[in-house]
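Note that the chains are named A, B, C, D, E and F in the order they appear, and that numbering of residues resets to 1 at the start of each chain.
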Amino acid sequence: MKILLINSNTSQVVTDKVAAGARAVASPGTEILAVCGDFGARVIGTRSEEAIAHHSTIALAARHAEGCDAAIIAVSYDTGLRGTRELLDIPVVGMTEAALLTACMLGGRMGLITFGARGRPVYEELVASYGLTSRIAGWRTVESTAAYQPGFDDELEALLVREAISLVEREFADTVVLTGAVMAGVGARIQSRVPVPVLDGIAAGVPQAELLARARWPKPTRGSYAAPGARELVNVDAAIAKRFTP
Amino acid sequence: MKILLINSNTSQVVTDKVAAGARAVASPGTEILAVCGDFGARVIGTRSEEAIAHHSTIALAARHAEGCDAAIIAVSYDTGLRGTRELLDIPVVGMTEAALLTACMLGGRMGLITFGARGRPVYEELVASYGLTSRIAGWRTVESTAAYQPGFDDELEALLVREAISLVEREFADTVVLTGAVMAGVGARIQSRVPVPVLDGIAAGVPQAELLARARWPKPTRGSYAAPGARELVNVDAAIAKRFTP
Amino acid sequence: MKILLINSNTSQVVTDKVAAGARAVASPGTEILAVCGDFGARVIGTRSEEAIAHHSTIALAARHAEGCDAAIIAVSYDTGLRGTRELLDIPVVGMTEAALLTACMLGGRMGLITFGARGRPVYEELVASYGLTSRIAGWRTVESTAAYQPGFDDELEALLVREAISLVEREFADTVVLTGAVMAGVGARIQSRVPVPVLDGIAAGVPQAELLARARWPKPTRGSYAAPGARELVNVDAAIAKRFTP
Amino acid sequence: MKILLINSNTSQVVTDKVAAGARAVASPGTEILAVCGDFGARVIGTRSEEAIAHHSTIALAARHAEGCDAAIIAVSYDTGLRGTRELLDIPVVGMTEAALLTACMLGGRMGLITFGARGRPVYEELVASYGLTSRIAGWRTVESTAAYQPGFDDELEALLVREAISLVEREFADTVVLTGAVMAGVGARIQSRVPVPVLDGIAAGVPQAELLARARWPKPTRGSYAAPGARELVNVDAAIAKRFTP
Amino acid sequence: MKILLINSNTSQVVTDKVAAGARAVASPGTEILAVCGDFGARVIGTRSEEAIAHHSTIALAARHAEGCDAAIIAVSYDTGLRGTRELLDIPVVGMTEAALLTACMLGGRMGLITFGARGRPVYEELVASYGLTSRIAGWRTVESTAAYQPGFDDELEALLVREAISLVEREFADTVVLTGAVMAGVGARIQSRVPVPVLDGIAAGVPQAELLARARWPKPTRGSYAAPGARELVNVDAAIAKRFTP
Amino acid sequence: MKILLINSNTSQVVTDKVAAGARAVASPGTEILAVCGDFGARVIGTRSEEAIAHHSTIALAARHAEGCDAAIIAVSYDTGLRGTRELLDIPVVGMTEAALLTACMLGGRMGLITFGARGRPVYEELVASYGLTSRIAGWRTVESTAAYQPGFDDELEALLVREAISLVEREFADTVVLTGAVMAGVGARIQSRVPVPVLDGIAAGVPQAELLARARWPKPTRGSYAAPGARELVNVDAAIAKRFTP
C-alpha cells in the first residue's frame, strides 16, 4: 500500500519529521510518499497562510495521488481536507480529524494541546467544524519554537507531559491529543509518562488511512464529495486541470 | 489477531449472521470469536431488554476476552460498550459507534436507516451520547421482520436502497449508515445501487478493532476508563469477579 | 401511596441511608419500600459495575413493583432508569434526573457537586443524556470516603458548603445539586449555610414520584416507553420473565 | 394550600377556563386564586402584547401573592416567569415550563402542539430559553379560534388528536404537550384517544406548584433569583413598590 | 435621519450618558431622540425590574416612534426588543445584540465584560437567546457603582482594561464587548490600551440602526414580526392603543 | 469610500453581476472596485474549486486592497474570508455571513435558499461555522443554470418566490436569505412578492462594509486576526509577499 502524505508547508524539515513519524507507525508493506509544498508559508501558522495552502494541498494531491491508495493531509489544520477528499478517488484523511476520531474510539472526552495563542481559535473552529466540540474536556496552549527544530526536545516534552497530566487531573480528560504536524512521534515518546492514551495526528492518521484504503468503500457519485467531473478552470497546474477534464 | 465479537442477544442465528459478516471483512489472519448471550432477550429491541443485556455483555466480555486482541460490541445499541471498554485491557469497539465514526472519516453528514419505530428514539439517544447529532443529515425508519431471518432478503434490500437514495436526494446525505446487527454484510450487498458509501456496523467495526489492536495505545491508568481494580462485587459470574480482584 | 426505592448497590448501609432520606421528605401517608440489589457492586462507582447494575435494577423492579404507585432509581447514575420506565406501568423517577429537573423548576443554572474523579465524566454524560448540559453553571468534584459511612460527617459537610458557595460566587449558580445516593438528606443539613437552594436526588425524587403517582398520566401504548409486551427472554428471573409474558 | 394563578390576559373567560382546569387537577385542600390582568391584551398573542403583560404579571403577583404558597404563570408564553420568580418569596411555576419538565420526567422526546403561525417562533424561543430544544421530537401548529370560546369544542379536539397521533407516528414522540392557557383540561379530555401521555400546562403546573410549595426549598439570598431588596422604582403600583422596600 | 433611543430606565443621568454616547458615534445628519422611562426602576438591574421595563419600552416606542427612522433599545438587557421590533414599522436594534453581531462581523470569538453578579446569568440567557453562546470566548464580571455616576472613571477604566487583556490572553478572545448602557463611549476611551477591538452596545447599535434605516428592508406582513394589527387591548397608554387600531 | 469586491470566480460575467448589485445598494459616494480571479474555476461550485479559490482570494486582496476602505468576499461560500480578514488592515465582510447577520438584526429565524444539491452541505457547514445553525428555520435548494446567465430570469424568480413563501408558511421563517453571488439584486426584485424581508449577500454586505469602514474599530494587534507580520513565504505573488514583510 502506498500513502501520500501531503504537507503543504514549504519546509522540508517539517515534511521530513512528519514522514519519519508516519513511517514509524505504518504497517509493514506500507510505503509513505511525503510531498512538500512548493509555494506558500514555510510553516503554516496564520489564517492567510492557511488560505494559500488550500491551493497548494490541491496541487500536491493532483500531482502525486496517482498510484497511491490513500492520502493524509499532514498539516494540523487539516488544510484542504474537504477539497482533496472531493477531488481524489482515494480516501483522504485529515491528521487532526483522525486524532479526534481515534480519541472518540477510545472513549470519553479528550484534552487538546495546541501550539501558539494565535492558532488556538483556529483549532477550536476546526474541532467545531467536525461537530466534536462536546467531546473536548479541556484545552492547553503552549508556546514553543523547539518543536520546529529537527529532532526531539526534552524540555518541550516535559512541558507536554505536565500539560497532559493537568488535562487528566483537572479537566477529567480520558485521552490527550497533541496537535501539530511536528508532534508526529511525540505522543509515543511521552506516552509512558501520561496515564491516558496520548495521540498525535500522524500516529492516528496513518492507521486510519490504511483502514480506509483496505476497506474500499466506493467513491461517491452523488453529493458534495462526488468528483467534480468536467468543469472549466483556468490557469491552474496541469495536474489539477487534468482532474477536472472528463 | 483474534477479535471477540460480543453478541448479547440470545439468538444463535443473529450471532451467526454477525460472525459471518465480520469474517467477510476481517483481514487475512484475523480470527473472529463470536459469542452469544446466555440470558436475556432473543433479540434485544426494547429498553428493558437492553438493560438486562448490559450485564450479559460484561459477563461475555469477562469470560472470553482472555487471549483476544480487541472486542466488538455486536449489538447495534452498542449495549455495554462503555462498561466493557473500562473493564477490559484490550480495545473495545461499538458497532454503531464504529459506523458513525467511519462515516465521519468519509466526510459530510450521514443518513441513518434504523429498524422499528420503538427503537428509533433509542438510536437518536445513542447518536447524541457520542456527540454526533450534528453529523446526521436525516433518518429513515423501516419496519421489517425479514432482517431477523437467516440469509438475505431481496425485498428488504430493495426497500433499503430506496430509503438510502431518498436520504441522498432529499436529505443531502454524503454517506448512509445501516444500523442493526443483522445488517452485517448488507451494506456491501446494496452498495452498487446506492451512489454514496453504505456502512454497516460490522463492516466498520472489524477494521476499527483491527486498527486499535495494532496501534496499541495503552490502557489508561487514570480516569473513567481505567480498569476498576480491586472492588467488592457479590454474586457475579466468576469471570467477572476475577476481573475485579487485584 | 407506596414508593419503591430501587437501590441496585448491594450495600444495605447505602440502601438504609437512602431509605431514611426518602422517609424524611415523603408526604404523610407515603410508604417507602427500599430494596437492595442482590448481585453486583457494593457501591456502584465504575462503568462496568454500572453495566451489571442495569440488570439488577430491572430485576428489583420486576420483583417489587407490584402494589407500588411509583418507583425511584436510588442510584445516582440513574442506572437502569430508561429500561425500568419502559417495563413498569407505574411512573419511574431517576434520582439525579429529578434533582436536575427540580433545579430547572427553581430557575437559572445549577452547580453540580460530584464525588470521585472517575465518576465525573459519567455524570457529565448523564446530564448530557437529558439534554441539560446548558443548564449547568459549573462542576465541583470532591474526593471522600466519609460519605459511604453510616451517619453524617461534619468535615465532609463543611467541604460541601465551601464548594457550594464557590459555585454560587464563581460560577454564578442559582441552585446547587449534590449527586450521590449517600447524599440523601445532606442537602437539608447544609442548606442553612448555602445562599441558594441545595438539592439532592432523594429530596427531589420522592416528591416527583408522588407527583407522578397522583397525576396518573397513562402508560404509553406506543413509542419507546410502551411496555415491551410478549417477548422471548431466556434464563431471567421469574419476575422479569413474567413482565414479558402477555 | 393556596396557589395563585396569574393570568395576565384581560379576558375573564380565559381566566375562568384556566381556573377551572387548575381546580380539576388540584389536590384536595388546595385553593386556587385566579387573577386576571387589568391592562393589556384580551388574549396575549403577539410579541408586543407579551411585553406589556410582563408588567401586568409583576403587578398581579405583587398584589395577590400575600398568603399564597405558590404561584403559577397561567399564560402559555410563561410571561413574566423569571421576574416573578425573583420577586416573590414563594415558588413560581411557568405553565409551559411545567409541561416541558413533566414531559422530561416521563421520558423520551415530546411533540408540541401550538396555536397560530405567529406564535410558533415565540414557542420555539421559549423552549430554547429553557435549554430543552433537544428534547423536542416535532412540532404541529394549528389554527383555531374555537379554543378561545367558553367550553370545549369537539372538532378542535378531533384535530388535536390527529396531530398528536401524527407526532407519535411520524416524529416518534413519546409524549405530547398542548400549549395554550385555553388548553387547560383538554389534555385529559383527549387522552383516551392518544397512545402516549398528553400534557397541558395547567395539568402539569398545578402539581408542580404543589410539589414546590410542600418541599420548601428556601428563597435564594444570592444570585439572580434572590429578592431585589431595597431598590428605587417610580410610578409603579403600590403593591410593587412595597416589594422593593426593605 | 432620526433615531429613537429608548431607555426604559427612569434615570435621566443614564439616558443622558447613552444619548451622549450615541451622538458621538452617529453619522453627520443623524439626530438622536433619547427618551427616558416614566415608570419603573431607576436603573434596571433585576429580573422583576426588567419585566416592568418591557412595558415601559413599548410605551416609549409607541409614543415617540412617529417620525423616526429607526429605534435602539438603550438598555443593555435589550429589554422589550422583540416586542418593539414587532410593533413598530421602523427597524429596531438591541444595543447588546448589536454589539454581539458586530463582534461577529469582526471575526472569531468575543470576550464579554458584564457588571454585577446578579446580572451575569441574565446576560448569559440573553446571549443564548440570540443563539450566539458558541461565539463567546469567555466572561468577566466586575462590581462597580462608579459606572452609574455622571462622567467617566479612571479606576473603573483601568479595571476594564485589565479584564479585557485577560480575556485576550487567557480566553483567546478576538474582540471584547462591554455590556451596560452606561458603557456608552467607554469602548472608545479604553481602545488604545486593548489589543483587540472593544465594542459597546451604543457604539455598535447606532451604526446598525443607521444601516437598517438606509437599507429599507420592508416591514414583514407575515410571521412573528408582522405588525399585530387590530387587537383588543384595555387600559393601555393611548399611544399604545393607537398602534393596535387598524 | 472605496470598497473592494473580491470575486475569486474567473467569470467576468459573474463579477459584473455582483458589481452591478453592489453599486445598486452602495451609498452615494461609495466606489466599488470589483476584481475577478485570474486562476481557478469559472464558477466556484465544488469543494476542490473552493480550496483553490482561497488562494486566489488572498492574491486579489493583496493586490487590490491598497487604498480601499473595506473589502467584501463576493463568493457565496465566503471563500477566504477568515484569511483575508487576518491579512488586511481594513474590514473584510463575507457576503453570506453579512446576509446571515443582517437577518439576525431583523429578528427571528431565517429561511435559506441555495442553488444545487452538491453545494447544500457546504452551505450548512458555512452556517454552522458562524455558530448560527439555530437561527435557521428551514432550507430550500433549487437547481437552476439560469442564474449564471447575464440579466435576470422571470421563471427563476417565480420559483424563488414560491420557495420563499413556502419557507414563511411551512417553516415559520421571519426572513429569507438568497445565497449565491449571482443573486445580487434578486432580493430586491422579488421583495414585493414575499411577505418578509428577502436578503441577498451583496445587498447585505455592502452596507455592512460601509458600516465597518466608517466605524473604524482598530485592526487587532493580538489574537488570531492580528496581521501575520514578518513571515517567510516562498513562490507567492509579489503583492502577497509584501504583506508578510515587516
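Note that in this section a residue touches a chain if its C-beta (ideal position, glycine included) is under 8 Å from a C-beta of that chain, and two chains touch if they have at least 3 such contacts.
Source: prediction; values computed, not measured.
Novice: State which chains count as neighbours of subunit A and simultaneously of subunit F.
Specialist: Where subunit A and subunit F share a partner, that partner set is B, E.
Novice: Subunit A and subunit E are the same sequence; what rotation (0 to 180°, nearest 5) superposes their CA atoms?
Specialist: Rounded to 5 degrees, the superposing rotation is 120 degrees.
Novice: If you average the Cα atoms per chain, which one ends up farthest from subunit B?
Specialist: When every chain centre is compared against subunit B, the largest gap points to E.
Novice: Let me have the rounded angstrom distance from the C-alpha centre of subunit B over to the C-alpha centre of subunit D, please.
Specialist: So the centre of subunit B lies 43 Å away from the centre of subunit D.
Novice: Roughly how far is subunit C from subunit F, centre to centre by C-alpha average, rounded to an integer in Å?
Specialist: One centre to the other, that is 52 Å.
Novice: If I count partner chains per residue in subunit D, which residues reach a count of at least 2?
Specialist: Residues 82, 85, 108, 117, 120-121, 128, 131, 133-134, 169, 172, 174, 222-226.
Novice: Chain pairs that touch, all of them, please.
Specialist: Touching chain pairs, listed by label, are A-B, A-C, A-E, A-F, B-C, B-D, B-F, C-D, C-E, D-E, D-F, E-F.
Novice: Show which residues of subunit A lie in contact with subunit F when the two form their complex.
Specialist: It comes out as residues 10, 38-42, 45-52, 54-58, 80, 82-87, 117-122, 125, 128-129, 131, 222-226, 228, 231-236, 240, 243.
Novice: Under the touch definition given earlier, write down the residues of subunit F that touch subunit E in their complex.
Specialist: Answer in residue numbers: 25, 27, 82, 85, 91, 93, 97-98, 101-102, 104-108, 130-135, 168-169, 172-175, 191, 195-197, 199, 203, 207-208, 210-212, 214-215, 217-218, 220-226.
Novice: Sort out for me which residues of subunit D touch subunit F in the complex.
Specialist: The touching residues are 117, 120-121, 124, 128, 133, 141.
Novice: Give the list of subunit A residues in touch with subunit C in this complex.
Specialist: That would be residues 108-109, 134, 137, 169, 172, 174 of subunit A.
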